[in-house]
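Structure in structure tokens, see below.
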Amino acid sequence: MKTTRHTFLLTLAIAVLALPAMAAPKKKVLNLFCWSEYVPDSVIKGFTKETGIKVNVENYASNEEMLSKLLVAGSKYDLIQPSEYTIEALAKANKLETLDLSRIPNFKNIGAPFKSLPHDPDNKFSVPWMTGSVGIVINTRKVKDEIKGYADVFSGKYKNRIVVLDDNREMVSWALATLGLGVNDITSENLAKVKPILQGWIPQIKVYNSDSPKTPLANGDVDLGIVWSGEAAILIKEHGEKFKYVLPENAHMFIDSLAIPKGAPNADAAHQFIDYILRPEVSKIISENFPYTNPNMEARKLLPEAQLKNTASYPAGDPKLDTFKDIGKVTKEIDKLVTDLKNK
Amino acid sequence: MQTPLALLQPAHGAARRPGFIGWLLIAPLIAWLVAFVVIPALILLVYSFCQRDELGELVFSFSLENYWRVFGYVHDESGAFAWDPTYLQIFGRSLGCAGLTTILCVLIGYPVAWTLGRAPDSRRNLLLTLVMIPFWTSFLIRTYAWIIILSENGLLNGLLQYSRLISEPFPMLYTPGAVIVGLVYSYLPFMILPIYGSVEKLDNSIVEAALDLGAGPLQAFLNVILPLTRPGVLAGILLVFIPAMGMFAISDLMGGKRVPLIGNVIQDQFSGQARDWPFGSALGMSVVVLFSIAFWLGTRRQPES
Amino acid sequence: MVELRNVTKKFGNFHAIRGVDLNVRAGEFLTLLGPSGCGKTTLLRMISGFDAPTEGSVWLGGEDVTHLPPYRRNVNQVFQSYALFPHLTVEENIGFGLRMQKLPRLEIAGRVQSAIALVSLQGLEARKPGQLSGGQRQRVALARALICQPKVLLLDEPLSALDAKLRHQMQGELKRLQKMLGITFVFVTHDQEEALTMSDRIAVVNQGRIEQLGDSAAIYHAPQTAFVANFIGRANILEANAVGVEGGFIRLRIASGVEVLVPNPNPSPTTSRLVVSIRPEKIHLQSQRPTQENVFEAVVEEELFKGPTHQLEIKTASGLSLSVMAASQSIMQTAFHKGDRVWCAVHPNDIVILRAD
């Protein structure tokens, strides 16, 4: 009988808790659709506390997942967090609202290298959240040779000791880089050139992992990898000298941004949120949680010395890096190429 | 031959038609099936004949292109068909992987289920609980636990090195073996429980009768025990094989995602980079059709009674 | 043929069988008779090999089989619940034992046919056990065991699941088969009537012991213990004192004062305090004092009509209460009624001195 009473009490409790939510007048809300583990809880709480706007968070694990859901769910989301090539694709398809920069005064905090980039030349659709590069992490205890570029990783010496991002376009871009071609020079002709290179690389790779490539590195299952700079930064932060980040020649960067999808029901709140996270002291919190490259120059001033010295987050000399452009249907060709090679 | 379907029917097969109350009682089940099985399957079916546009949105047009691709015919540059069995190979590999998992689950699960089913009542509940304990934690956490155990700086390698059985860490994680270990671990309870169900129902005196009539333990097992517990084994095989075929998380996390399995490919079409819903749907439909055929073949020979 | 030597079986701390010695002769029909839970099945299981004795040994045809598994013993069992293989047809069930012996298929087919004929199951060869009646299942179980030509056939309450009429028919058939095939039967039942009609010898089992072993007549007419006397038929169990020896007789004074003569058994009882048994049907009632030994007077206290018999409770002047059974008379002339004074006579040979336990 105890259980029945328990259940009853539980139901009652839920009913009581749910009542005010149902009865309360319509509160202002923001439907945020963002990467998992990318927006600190404290930032969201701070925003709600200040504005009274309730934030509903939904997460995704890849740009592609976000696109799929966005295209199906229509105008359910107010704010999304796409990377540069996805912004371009969405903008081309007229799926993004134009931003009203006059309502985002803190946009001035974004550094010049992160503005007016090819995917959004007029800063009409997106505001950078965090940026980073893709580079090489080395376990210095195991790897004694000098590794400068992608070709060194795949010299054949590290067969079965390599982790790479599980990302076909990334792999193609690395192979292009070794040929001295730009990351966006993707033509059928170039893909044909890339094929034998990847064919040599793929048998050497032990792990494909985009979500947490640091795990096999930290666990000693692989000795070097091509990963997001933020992952490398965490490894360096936790293990110090043991890991080293190398930005290869012809490296590229990604820019994760905030954008408002077409028909967003709460575009006002979305603008408010964008401006809120551009505040130096808020942006600093994000940096502390996720040590990518912060494009917010005012926030950088608040960061501790140690973090600014982490070369994975802030590579020496702030090199100017390429970004991915939308390549449309060629994605399918890349996909087929890599799937074929992996399948061999 | 008994079939898993027989599990769903009354023991003595009195095939009575449900009355009004009967329909009322199964209405929720039917509603559930329609909402979550029939409608999605129909949507998949429609999608599978469509195409995608640049952004990945669906273009409604009828074409068999996706199915050609699944079964190895693709258009080359000149527009002619070319033979490219990539997906068939992936399919075959997944079948092999799921098949091996299923066989291992039967081999490991049967003796366990037998022991459970024959244990005294007092101990049986404890043992059953032990079998089900893994379900108390999330699947992902259990998989991460395996990563902690199998990695080169992990528990097992540490133990082996500490006991001086090996001097260098032995690569265990991110190997095909690790994937099979993960799959068998995850699906073993789904094999044990149905077999346990039929072992428990098996009257001990029937086994004794076999021994009494001169059957040795192996003969008794093959001639009496196995045929009488076959419904449980078949149910277990279905419960293990089908999800093992579609599983992608374990091959991602424990296998390093090195070789694509059909589950990975389908997932990639829906929320991964490929983002080709129509092709993913065609792959999914092909799997469904294949399973249906296999199921039909497996259950075709109904008992006459 | 089957011999149990000082066999004891314990389940945990529970003594199911306590030091049983039993020798089953070749070709005999021996019945283990006893109430439910007394250990009959356990005894059978030790003969067939499903349970190992905690102490003692089991011998089959002069060979110690205590440690042989069931499938190496040339005994077969008919199980209480038949234990037919539900997935096999009648034919396959019956042929199972021969298939296990890997005999040629033709030979199997032939022997199965004759076994089916033996138990009159022709026409049902292709049925599954689920499609048979209780009696038919019983026959399949029997044929399945007999086809192996065992030295000993063990039958654990094989008829208890059948209705009374079928049971009587099967009793006759079993007995006929046993005589015809000459196989040793060890038959278990809790039904004393069944035991009495079918057995060559009966072993009465009580609380893990054999109380008495003997042929039906001996068990019935000369029960050695109160348990046997009570379990088989009904009995008046009375305490008595030996007060003297007169020729070949002992004079007994039954507790409440009635004195009777009984034959002096050999060896003579060693104590004067004895327990005797008198079967109710052995007490003869008359309205006139008969001229014979062991006569006393009593009053009818109660009468019960039981169909073929008429049961009376009587009480002597000295306060001894006894049950008496008489064949029913016709409706018109029932001999005695409540309140009637009657004379009771018991033949000395019908008073049995019981073993003191």
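Annotations for the structure displayed:
Think of it as A, B and C in the order they're written, each chain with its own count starting at 1.
Here, contacts are C-beta pairs under 8 Å (C-beta built on N, C-alpha and C of every residue); 3 or more make two chains touch, one makes a residue touch a chain.
Since this is a predicted model, take the numbers as computed values, not measurements.
Compared with chain A, the chain whose C-alpha mean position is the greatest distance off is C.
A summary of chain positions shows that the Cα centroid lying nearest the centre of all protein Cα atoms is that of chain B.
Centre-to-centre, using mean CA coordinates, chain A is 34 Å away from chain B.
Separating the centre of chain B from that of chain C, both taken as means of CA atoms, is a distance of 57 Å.
Here the spacing of chain A and chain C, counted between their Cα centres, is 88 Å. The touching residues of chain A, when paired with chain B in their complex, are 60-62, 64-65, 67-68, 71, 89-90, 92-93, 95, 160, 163, 166-169, 205-209, 215-216, 218-222, 328-329, 331-332, 335-336, 339-340, 342-343.
Every residue of chain B that touches chain A in the complex is listed here, in rising order: 54-57, 84, 86, 89-90, 147-148, 151-154, 169, 171, 173-174, 252, 256-260, 265, 268, 270-277.
Contacts from chain B toward chain C in the complex involve residues 2, 12, 203, 205-206, 208-216, 219-220, 223-224, 227-228, 305. Touching chain B in their complex are the following residues of chain C: 48-50, 69-71, 75-77, 79-81, 83-87, 96-97, 99-101, 128, 130-131, 144-145, 148.
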